[in-house]
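What follows is a set of structures to go through.
First subunit A sits with subunit B, and in the next complex the same chain sits with subunit C.
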Partner chain A sequence: MSDAWAIDTQQLTKRYGTLDAVRSLDLKVARHGITGFLGRNGAGKSTTIKMLLGMTRPTSGSGTIVNRRIDHPRESLEARRRVAYVAEDKQTYAYMTVEQMIRFTRSFYTDWQPDLERRLLDELGLPARRKVKALSKGMRTKLALLLALARRPELLILDEPSEGLDPVSIEELLQTLVATAAEGTTIFFSSHQIAEVERIADRVCIIDHGQLVADLSLDDMRQEYRRITLGFTSEPPVADFHMPGVEHVRTSGRQMDVFVTRNAAAVVERARRAAVVSLDVTPLTLRDVFLETVQHSLRETA
Partner chain B sequence: MKFIVNPSTGQPLYLQLIQQVRHAIETGVLQPGDALPGLRVLAQELVVSPNTVVKAYAELERDGLIDIRHGSGAYVSAKRGLKPRVDRLRLAQERVRALVSRLHADGLSDEEVQRLFEAELLFSAPSARRK
Partner chain C sequence: MLAYKAWRESQVRFLLGAAALGWFCGVFVVFRSGIRDGADKAYPTFIVDAIYAGGIRNLYVMFVIVLGLGGLLQERARGTAGFTLALPRQRARHVAVRAAIGLGEVAGLASMPTLAVMLLSPLMREAYPLADALRFSAQWAAGGAVLFAGSFLLSVLLAGPYSALASSMAALLAYSLLVNVSVIRRFPSLNVFSMMGSPQLPVAGLVGAVLVTIAIVAFAAWMTEQQDF
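And then the complex of A and B:
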């Protein structure tokens, strides 16, 4: 049953002093797909990833990654053979050439795939003899990807992979990610670049103040999530719109915005019966959902 | 044949892809026996999750528009008379044109007409939209 999840955590918590960096996180990431992990700076994305990879110990709670327990030393080690990680800073040995770096990394892995390495080297257009320190940030990302992918991992985790890249490099990065997913690798990547997550992800998990505040399918979002703006000639009948599927309602004078995650048709039907004088239905974008969710959780914690 | 998807319209990407393939088949831009791009190639070209392509192709196959041959890819299916569909679309376009010009005559602006159409389409049930 747990086989379905590449990542599965229960009540995962990391406390630094009095600060809960991650708080009771129940995160589920399906296999065979691309999941985006969105959150503001300091929301707990990196801390979560570090716990998943066994780089830091959870204060409490538990979790598995490719079915291996993250707080179990031997299982965590086994997991790290099947999982590849591309960090934000892409730390590599600056004095080595690309070729040396590849040879050095290869020596740590028994399941390294030389054919795949050559194909990636060719596709990514990496200059084999150039020193790592002379590579652009985009090239360094490509090298980190090659080192991560040449052992065909079950799961690829990336922490802010597009940070600091120019638009062309971002495009190439995204192309490499979708091509990798097409070959069966599950991808989980954190980002605060909403537009790129919206393009390639199947699902999106949103974290705020260390807590999971949303876990949604982008197909569902596009199909069902709507902002319904209603105009009235008197005070909007807010209470009439507390109905299934309505996430929240906001009024501004005689205008009312109804945010729905399903049942938009029923809301529109009710609005028509409620003497509405103007009616607009607009699809929500991931940016809308992100801002609404994060601002909403801000109000609740305040 | 190039396809385009827009991530910020209120429509799942796989449905956008289905519509474009269907349209290309209905208009004859894609013809029986033509090969469709492979999973990896199309995902990379559109820069979308491969699941988008998988879902679209699976649905197109269910509808009998394409055949998926394991190991060799997807092809436009040979069967099915498509002519009536083209005619139906042409008829529908005439009706829309007539309706729009009547609404214009009633004094509605382009923007208002567009908004009315969008409001009608956006909240309609997914099953109705897919047909």
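And then the complex of A and C:
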């Protein structure tokens, strides 16, 4: 166990019958900052989160969350005191009013902060006397956030937080998350909305078919990740480009795309020596990285 | 606060049950002369036949079954299981609190006939022994607890809003047929319904009912700990 990690899993696996929902997942999420957990629908994001929170038992493997073992009932309970969770559907008890929901949730946490609760209630514009069942989805999300944030958790986990929200609510949500991270809470959120992740995350973990296929810093991505498109007069010399920093190479006729995560200059230099007729270097966006990674993972699986 | 949640989730069912039982018991007491054979029987016999060992008992059983429904699997269907399970409490605690509140409500429903009979009999210039009424309430509570535990367990095992209710009703029907099989009839303590309407205090039956209820609720808690949500 290391204090550096808010989440740390080793070979975490969940199998439902013959289906591997999560396969040998080694996931590390650093404390502080915002980590996006990106994947297609059914990639294993929600199952991973449920295992982290003790809602689903791992088939094998292990993990810790805020330094508490996820498969140990007492430690998992202690972890839930320090971790807040906003589920995908953001449902709370429909029969309670907003203030009853707050009073109910507050009773479970000794570190609840009434001042913060009042501030959030004000900022989020929640109607205290209205029943949860009468709230819009945007308002329900705000209530779920208030219940999660009013105790300043060490770690906030959100499962598809923007799902079903209108653009204004999404914007408010993202701003709240950024402000929360700035106050010291580690944020780990799953999404398949690449633009949202790219806007607020510091790091991104990409999961596909239950496996971690990428773990990258967005700053590194912006500075180092490049697609280098090369044109040749004859068949491209693919083998020459298997060098450090090259993630994968794809050819189409006499054209070759080289995806690099570092060392782009060295690749360009080698391309020039290999007598290219055209050379184009473009920075990769998270969307490019995600699609490349997922498609590459698909090809490898096939 | 888990108790508050359990109460809020079941209060409508409980209050409806209490109102219905109170109302029907009141009708039997007040309109006794208009009910077939009502005026011919001695008042205490009428009360036992019509209420404690009669149709009102069956109504009580239905409400008890409905009170047992709910729990984390049903919450999953409503989308609140994620919130509930993220609270820093063991699942067994959720189950135990819901069971405790439910059993309290079962006892509350069991006391409704006694309340109605004891309050209304003097108005009709009749009297029913308080000790007998309390004994019947205790028997109803014990028998109701076993039936409550049964539907409580089925709610833990079966997802879907209606499957637990449908299977509880089917199990109740099967049980009522089973206890009337001649071989089983030799063991009256296995028959919860006759225990509830017994003219003598069935001490062994009551103790057995309490133990069976505890065992079923404990099994439900264990099952809940094993489940994936």
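Rule of thumb we're sticking to: the second predicted complex is superposed on the first by the 301 of 302 C-alpha atoms of A that agree within 3 Å, B and C clash if a C-alpha of one lies under 4 Å from a C-alpha of the other, contacts with A are read in each partner's own complex, and residues count from 1 in each chain.
The working rule: a residue touches a chain if its C-beta (ideal position, glycine included) is under 8 Å from a C-beta of that chain, and two chains touch if they have at least 3 such contacts.
Everything numeric in this text was worked out from a predicted model, so none of it was measured.
A.B. asks: Superpose on subunit A as described above, then tell me if subunit B and subunit C fit or clash.
C.D. replies: fit
A.B. asks: Once chain A of both complexes is superposed, is A:Leu116 in touch with subunit B (first), subunit C (second), both, or neither?
C.D. replies: A:Leu116 contacts neither subunit B nor subunit C.
A.B. asks: When the two structures are overlaid on chain A, which partner does A:Leu77 contact: first (subunit B), second (subunit C), both, or neither?
C.D. replies: A:Leu77 sits against subunit C, while subunit B stays out of touch.
A.B. asks: Touching A:Asp280, do we find subunit B (first), subunit C (second), both, or neither?
C.D. replies: A:Asp280 contacts subunit B only, not subunit C.
A.B. asks: According to the stated criteria, A:Gly33 is in contact with first (subunit B), second (subunit C), both, or neither; which is it?
C.D. replies: In the superposition, A:Gly33 contacts subunit B only.
A.B. asks: Have a look at where A:Lys50 lands relative to subunit B and subunit C in the superposition and call it first, second, both or neither.
C.D. replies: After superposition on chain A, A:Lys50 lies in contact with subunit C alone.
A.B. asks: By the touch definition at the top of the document, which applies to A:Ala94: first (subunit B), second (subunit C), both, or neither?
C.D. replies: second
A.B. asks: Give, as a whole number of angstrom, the minimum Cα separation of subunit B and subunit C in the superposed three-chain arrangement.
C.D. replies: Nearest C-alpha pair, subunit B versus subunit C: 25 Å apart.
A.B. asks: Note which residues of subunit C are touching subunit A in the complex, please.
C.D. replies: 1, 4-5, 8-9, 78-83, 85-90, 225-226, 228-229
A.B. asks: Once bound in the complex, which stretches of subunit B touch subunit A?
C.D. replies: 7-15, 39-40, 43-44, 47-52, 55, 115, 118-119, 122-126
A.B. asks: Okay, in this complex, where on subunit A does subunit B touch?
C.D. replies: By the definition above, subunit A touches subunit B via 32-34, 171, 174-175, 178-179, 181-183, 195, 198-202, 218-219, 222-223, 225-226, 228, 264-265, 267-268, 279-286.
A.B. asks: Quick one: in the complex, what on subunit A touches subunit C?
C.D. replies: 50, 53-57, 73, 77-78, 80-81, 83-85, 87-89, 91-96, 103-105, 107-109, 144, 147, 159
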